[in-house]
Amino acid sequence: MTMHYNRLAGRNLDRLAALSDGVFAVAMTLLVLDIHVPAHELIQDEAGLWQALVGLAPRLLTYLMSFVTLGIFWLGQQAQLDRFARADRDLVWIHIGFLALVSVMPLSTALLGAFVTYRIALLAYWLNIALLGLVLYGSWRYASRAALLQADATPELSAAMVRRIAVAQGLYAIGAALCIFGTAWSIGFIALVQLNYALSPRWRRK
Amino acid sequence: MTMHYNRLAGRNLDRLAALSDGVFAVAMTLLVLDIHVPAHELIQDEAGLWQALVGLAPRLLTYLMSFVTLGIFWLGQQAQLDRFARADRDLVWIHIGFLALVSVMPLSTALLGAFVTYRIALLAYWLNIALLGLVLYGSWRYASRAALLQADATPELSAAMVRRIAVAQGLYAIGAALCIFGTAWSIGFIALVQLNYALSPRWRRK
Amino acid sequence: MTMHYNRLAGRNLDRLAALSDGVFAVAMTLLVLDIHVPAHELIQDEAGLWQALVGLAPRLLTYLMSFVTLGIFWLGQQAQLDRFARADRDLVWIHIGFLALVSVMPLSTALLGAFVTYRIALLAYWLNIALLGLVLYGSWRYASRAALLQADATPELSAAMVRRIAVAQGLYAIGAALCIFGTAWSIGFIALVQLNYALSPRWRRK
Amino acid sequence: MTMHYNRLAGRNLDRLAALSDGVFAVAMTLLVLDIHVPAHELIQDEAGLWQALVGLAPRLLTYLMSFVTLGIFWLGQQAQLDRFARADRDLVWIHIGFLALVSVMPLSTALLGAFVTYRIALLAYWLNIALLGLVLYGSWRYASRAALLQADATPELSAAMVRRIAVAQGLYAIGAALCIFGTAWSIGFIALVQLNYALSPRWRRK
């Protein structure tokens, strides 16, 4: 009886978490590389530097938006990993796909930062977020079916996980659709959704 | 009774520490990317290369200053994480905000390195440090109120934490204010403050 | 009797895993740095941006291919580390060599992305993969001989490990040889091989 | 009695190891960023690409040399951390200084890669290595005096640690001095020393 390599690989949840933390940390920090210090030759005095910095504001905004997005998905992935009893190769590959989408985030962000009034840039950015949500949904669904969840993961918990992803992605899709009226509407709406996810627990939990 | 997603996420202090170590490691290493090797075409001989390297000195100084700054805040955050019994979502979001400020540090440093005589560059750099301190203060205060500290965290310890942040930030603010006389005064003062924090234990502890 | 430094170093498997996760995470995320957002001056309208994005497609393809490659080798290395009882200095150096090849992957990928129709670019890319496989094979062989494997590592498991590497490398070599007919054949074949490794467990395991 | 902040910070050896692994991983991977894919406009055919790749050889050599250097110092630091019973703030600051020197390595390497025939570039590179050794020596000496070593760390072990650093640094200094005859002599000698450290256990241990 030959032994299958697939039985040997991908069991280690700790290393998946470590790889994920690494990819998130690098992607979060690379986001800022797209913001360039003004060229020295173009700046004559303090007022000129101030204006140049004000001109960087839209890029700082998209930077923060993407940092918060990555924070949301980092928490989302962590919430799942904390509930897995073990992994198998398929689950690991789902999460490698997830990390590939995380790595692309600095590119989507740079695209939106450079073409902030272009619908295609906004839709590419949204597509990145939507795929992140989709893969995270697929991860939970696969883990449920393949019996990789911890014993105490109840159907209620499972429903809460799925509902969370569905609601968030619904809101992002509305945000993307708002680009019919202009990309500023989309960006404003998506920024509000993210602020809600970052801050809401403060008032909703009571 | 529906289950709340917020109860599921953000409990894992180990992964927050891992993400933080990753962000700090990348930010610390990216700081150096702003220092460019002299262009080969401009260098004729050893003397020319020597002069070009001497010209890099101010950037090396701001690099070292920022590395020490990140070291100080890494220790500061670690001192807090070591005292937390557990995290909740709000605390994790406070620390994601903290990490966003850490990620911006290479940008602030590059700005100061390129415009070392500009007050606005210096104030932007100081603002970055001040916000790091503020968020770290907020983290401790929130964790105290939300009863997330370990059982052995006494009021004395809490007071020491807060005092430390307040004194350091007070010194940084004095340093920033010195830019009235010129940015060199500010940079010199802030560099001394940081050297003090890195080296002082050696003589003060006895 | 003097003590040998070599006895002191390199025993810690956990730190080797941590360094490896870090190098993989950075290399995976750096892959995307080679894809540049279109220059703002060249884009007039939505249609122009769309065309520019379509022009990025080959680079996105090589990006994904390399991400999957790194995923495959990350799993391969993890499968080995999980079976080692301990490390010695030689084994650690074999893995540092492995990580050097991982770090070069963004460069090979950028080369192939820029010169997608050049056989030399394709062969350089394949050489990178082949060396990764060779070092991983060497790692397993060395660990077997030096009795560094866990007690439950049977000859069957050992054979499965080696077979896996040999089959995969055989397929990659066929892919590289296909460049006689054109690099598109090679890239298509290698992409299929990698999809097979990422997805195959789904149908083969049943 | 007021509590001292210095008693609270820097105790956690695990997080120091994690930060170190992160900095090493990023520095190792950034080394390759200095090697640029040839510009597409300059390449006409396969022969042209081949020549351009051959022209990258000196940079690949300095890349590998620096990767091995970082590997040597990573092992050296790990050997120490594995022997520490605990850390205090001073020790952590010594290691933050060590990491600052690790972060500068990609810059020193890029400098040497760009000015491979310049003595100043070589001496800057050597200075980086010498400071790494010096700080590592200081770390061990401080930890011995401050009683931070594990109970089983004998004087023999301590002597082996110090001897190792002294011999290696002596060899590096000879290598640097050889630049009187030309930098090629230095680079060749240092490369041999490093190969010796990476490979020697294989024959010396028997």
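For the reader, a short list of remarks on this structure follows.
We just call them A, B, C and D in the order they show up, numbering each chain from 1.
What we mean here is this: a contact is a pair of C-beta atoms (placed from the backbone, for glycine too) under 8 Å apart; a residue touches a chain by one contact, two chains touch by 3 or more.
On a predicted model such as this, the values are computed, not experimentally measured, just so you know.
Between the two copies, chain A and chain B, the Cα superposition rotates by 90°, quoted to the nearest 5. Two copies of one chain, chain B and chain D, touch each other, and the residues they use overlap weakly: the shared fraction of interface numbers falls below half. Distance from chain D peaks, on a Cα-centroid basis, for A.
If you average the Cα atoms of chain A and of chain C, the two centres end up 25 Å apart. Contact of a single residue of chain A with at least two other chains is seen at positions 18, 21-22, 25-26, 30, 33.
Listed in rising order, the residues of chain D touching chain B in the complex are 1-6, 8-12, 15, 18-19, 21-23, 25-27, 30, 33-34, 88-90, 92-93, 96, 99-100, 103-104, 106-107, 110-111, 114-115, 118-121, 124. Put simply, chain D touches chain C in their complex at residues 17-18, 21-22, 24-26, 28-33, 35, 37-38, 40, 43, 46, 49-50, 53, 64, 67-68, 71, 74-76, 78-79, 82-83, 154, 156-157, 159-161, 163-164, 198-199, 201-202, 204-205.
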